[in-house]
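Below are two complexes that have chain A in common, paired first with chain B and then with chain C.
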Partner chain A sequence: MITRRHLIASAAAIAMLSAAAPSMAADTVKIGLILPMTGPFASTGRQVEAGVRAYMALNGDTAGGKKVEIVLRDDAGTADQTRRIAQELIVNDKVSMLMGFGLTPLAMAVAPVISQAKVPAIITSATTSAIMSKSDYFARTSMAGPQSAVPVATWAAKNGLKRVVTLVTDYGPGHDIEKGFTDEFKKDGGEIVEAVRVPLQNPDFAPFLQRVRDAKPDAVFVFVPAGVGSLFMKQFVDRGLADAGIKLIATGDVTDDDLLGAIGDPALGVITGHFYSAAHDSPENKAFVKQVKDTAKIRPNFMAVGGFDAMHLAYAALAKTNGDTDGTKLITAMKGAEWTSPRGPISIDPATRDIVQDIYIRKVEKKDGELYNIEFDTFKKIHDPFVAK
Partner chain B sequence: MTHHTQASEFLNARHRWRLWEIALWLLAVAAIFILPSQLLILTEIAILALFAVSLDLILGYAGIVSLGHTAFFGLGAYAAGILARDYVSEPVTGLVFAGLISGLFGLATSFLVLRGSDLTRLMTTFGVAMLLAELGNQATWLTGGADGLSGISMSPILGLFEFDLYGRNGYIYCLAVLIVLTFVARRIVNSPFGLSLMAIKRNPRRAAMLGISPKRRIVAIYSVSAAYAGMAGALLAQTTNFVSPDVLAFHRSADVLLVLVIGGAGYLYGGIFGAIIFTLLRDWLSVATPQYWMFWIGLILVAIVMIGRERLTGWPLLLAARLRGKPAEDAR
Partner chain C sequence: MLTILFDGVAYGMLLFILACGLSITLGLMNFVNLAHGAFAMAGGYVTVILMNRYGISFYWCLPAAFLVTALVGAILEVTLYRRLYRASHLDQVLFSIGLVFMAIAAADYFMGGQQQLINLPAELRGRLDLFGIGIGRSRLFVILICAVLVVALQLALTRTRFGSQLRAAVDDGRVARGLGINVSTIFVLTFALGSGLAGLGGALGADMLGLDPNFPLKFLIYFMIVVTVGGTSSITGPFIAALLLGIADVAGKYYLPQAGAFIIYAVMILVLILRPNGLFSREGRR
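Up next is the complex of A and B:
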């Protein structure tokens, strides 16, 4: 006796499906923003969204004579969701560009869709080198492979650090960064004493840090994903590595602006290499930081600036095509774009569609009672080290 | 009437097609024409439904609880993905291949679920899924590791129908597979073999005394269920051209269990109705509030399980009884 009830359930389901009818106007350009807004990578999503909204607040919502509209969707960091949402945004919402992608697999999953639909996608967060070759419609405003690690190696070799242990998280970007750092450091005459890899899931750094301590290096070079830095710093101090005279050098992910306040004083004096610091001294950055702090109530980090620059790239492309939303024309317009971002001067490599940017060497210091990464050295115009060679 | 005719009549009655079943499938087919813009999410529903049907075969019929059913789903996805990337890119071949691989893996691991109680089963199934997830993560040369398996390009289905951007052929393909496999599952559970499974679920010792060997039957249904899950995984890999390492993640095992709880276990269609409701709710809420939808879905799911008791189909009866002010004792 379940006949009628199942019918009712099915009918209700159909009604729910057809309720979501898309509407659109010819003079609007829609940009689909796909981010992990929930789940373990929600902080990435929040930061990128804040960056995107800040750009629109500062620069208005028209580009190339058209009104720009953001369609934000959550993929919870699951690749098949990202893929389906991308496909739906293209087919149903008729978006002209896609943006976002918090992790490498999420970007990889949309590659076939954007190639088939010829819709450009700007990557705001994922950094693995391999992504860019998967589709000719990708452009990137986050970071190209181990861009931030190579200058740290050069700096370390120049500043008398001879024996270094590397400690990276065991996944794609971690492997990229380990290789980038190791190759450069060896070339500059340094010695890698040991290469330690820490599992991505539930990291407990204590046993790995003990191994580092036993190896007695001059310094330990560290990369962990965004969000894990505070845990790492705490255990670094607990294990007494600083007292044993082992210096900490890292990529900027460890002293992420978003986490620095929570890490507190143990972070003081840590040397990192990265593309963005909220303390970067420029009028563009001051306006950006103020806007994000006012509206989103957070301090922007490197993810937020990735979102901000993705919007700039989208606006610039639309201006160049005079509002033409043909995907191939848009991606062509993006190639070679050059501008001054809150992070400093950046450009899009016309050959790889990947970002070319300055990498800063910074030291954690106290400024106005808060901790910041203060930049003191600059490596200009760094390309993706794996592709440039 | 002899016992024999009584028994065969009982089986026939169970086997008969009900009106709502036919209506459901007709609606699913009609969706191709009336909902052309929603085919992608319908594809996702079809895949999740098949996955849930596979879990229902062991949970609803044989009473085996599993927290690691995604091991078979993920294995099927990787099997189909790797086959398409390196050897044969025809989808139906991949589907059968993935079903075989997962089925064999199910056969191999079925001996683990023969032992112990529900709790040990939860832990062993969970452990097997964790092992596979770590293998998938570490074997970068084969699976692409944490970056996922990319570079798959599927050739047309049976050499005839190309996967299109609107997801039309993808949906038809997944729906056809779901219909065929549900039909087969229906035959299985309504056969004497299916009935013997239910006897084992109620009381394994008594079933054994009646001459039903629980071990062989559990091994058989567990392998079939694993093959089903593998084929669902293959559909996902083929329609998305990508395999992400999270096909083996714990949350998938939890999701499919949840789907079955929503829809109700032990009548095959529970997985299908559960998949429809779960996916639509999630999609609708995540569009409405991208930041806070998890809160709402959690709340709604708790409510569904509290009110709905065991089966979604009990709701209307329950409501009707409440409205008439009568106790809802037979509302299942």
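Up next is the complex of A and C:
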């Protein structure tokens, strides 16, 4: 008796066989986009998708003489799903590239799959330094490790902030950022008064903020995941830390463009370092922001620009290989790519396949009645601080 | 130092309001309702929707959150919960955890997965300095409301006719029915009250604890700790337990940030070793 399971098994076997055959000269190139479209990280998925669609709307759907097609799948932010979907996309849908990955563990989970299948994957969101070494087929257009934290440290030391407390969320990216900031700040002659780590599942910031207040630093450097940032900002103001003369400096996740409106006036004056602000002044960015606002009805944030640039990288690679979809050729074509993104000039480091970009120091200000991160200082061509040295 | 104590008390009070409904259903009605957090979440979302979409004042949102969740609680009691009073505890657990997942999925679908934010009225923001102690206004507000509720609940359960009818109905439903007490109505009202209180807690806590679809699971463990440590005999037990845990949690995170998240569990284990039935247990029953 042929059960459904047999059918699926044999279908999978046939699919594997045909995938092993030399890549067919089809006229369509499929790109598998794996994002958390539901669950607690749905806003990441929504933003990246908006960025990807905006790129295709502005630049058409052909690259290297082929029609580009996006296959969007939802992994709900769980790593085993991401891995399963990646396998399905490669084996059944025969995608030539993968894209997306909202969080570090999700990207980590697909590393063995893409290495084995020799399919390049462009990371649009996850930022931990460690991911890139897991597979030679990863390229990244979000941020490389604590890229945004190091310039904040340099800026703080230059601007007379001597004693700083760091407060980070206790998980991978938090540790990266804490180390990146601390190393640089000490080198510049600053003093870390205290390093506070907040549990990931933390209902109330009160005790940690009180600890910061009692340490009486010049400033507190903060990294918390984007969604929690708003809650943190409110409690920061309520506890009177700003009145006590403690400055808030942070990476751009805390004053995420997507949430800035909801945080409201408490955010005014906060100084952050990050690679993208929706208020970045360039024609590329104006076109990008307008496109996203018109079609997706949201203000793009750094996740959206990650998706936008991932598409650019994919198009550029296809153009360079003249439409050849061999994975190894594609990833080689991505190395050293250089272009002007809505965020500013960026490139892909040929050695690490990781992004090299400018980091901007911004201050939250009111512009046309809305809150924006206004850039006022630029640190050029920052590499992943953990790998570059 | 005193600020930490104050924050701990505020956090404990909030835990109590969130969990006391559970201690009523679990302790008095002997029903394991793991979906309790879902009612708290509902209250939080009612507040968010009323405030952010319709611009209604925060103070009106609190009673609204209470009433809406109480109503939802009453409807669910009549349609679903009632059938499971006699079922085994395992059935009740499975049923209510199923409800939790449905609630999470529903909240995710209708409201989205992100953190919800509310803007408290200006007079509740910032902090006061009383005798050198920094006091957050919103936390003071939480403490005042909770204190009133604790006294009111205690009086209602021990001094009113409804309270004694409820205790009679729980102790022996058949006899109570024989005496002309309408047990079903009493249970609906009690369940609605418990759910409503959770909703109120969710509304009050939206600013302090945040609100996202995972709220029921995130706080389930805290509710369970409060009820377990407090015992289920009265309102005072969970109240003292909530205060103790709130203060221990806040102080632990302040003085020992590295171990902060574990303190609350250590306290629970210690209490349960010393008093396996909770701080205040009902001796000699069942």
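Keep in mind that, in the parts below, the second predicted complex is superposed on the first by the 362 of 389 C-alpha atoms of A that agree within 3 Å, B and C clash if a C-alpha of one lies under 4 Å from a C-alpha of the other, contacts with A are read in each partner's own complex, and residues count from 1 in each chain.
Operating definition for what follows: contacts are C-beta pairs under 8 Å (C-beta built on N, C-alpha and C of every residue); 3 or more make two chains touch, one makes a residue touch a chain.
Please read all numbers here as calculations on a predicted model, not as lab measurements.
Looking at the shared chain after the overlay, A:G65 reaches neither chain B nor chain C. In the superposition on chain A, contact is made by A:V228 with chain C only, not with chain B.
By the touch criterion defined above, A:G336 lies against neither chain B nor chain C after alignment on the C-alpha atoms of chain A.
Using the contact criterion defined above for the overlaid structures, shared-chain residue A:P112 touches chain B, although it does not reach chain C. In the superposition on chain A, A:E88 contacts chain B only, with no contact to chain C. Once chain A of one complex is fitted onto chain A of the other, the partner contacts of A:T38 extend to both chain B and chain C. In the superposition on chain A, contact is made by A:K134 with chain B only, not with chain C.
When chain B and chain C are set side by side, the one touching more residues of chain A is B.
In the superposed model, A:D80 makes contact with chain B only, not with chain C.
In the superposition on the C-alpha atoms of chain A, the part of chain A touched by chain B in one complex and by chain C in the other spans residues 38.
Of all residues in chain B, those touching chain A in their complex are 18-20, 23-24, 27, 31, 34-35, 37-38, 40-44, 137, 145-148, 150-153, 165-167, 236, 240-242, 244-247, 269, 273, 276-277, 280, 284, 286-287, 290-291, 293-294, 312-313, 315-317.
Against chain C, in their complex, chain A makes its touches with residues 38-43, 196-197, 199, 201-204, 206-208, 210-211, 227-228, 230-231, 234-235, 237-240, 259, 262-264.
Residues of chain C that touch chain A in their complex: 3-4, 7, 11, 108, 112-115, 117, 119, 125-127, 134, 136-139, 207-210, 212-214, 218-219, 222, 249-254, 257-258, 260-261.
Partner chain B is touched in their complex by these residues of chain A: 2-10, 13-14, 16-18, 20-22, 37-38, 46, 72-74, 76-80, 83-84, 87-88, 90-92, 104-106, 108-109, 111-113, 116-117, 128, 130, 134, 171-172, 200.
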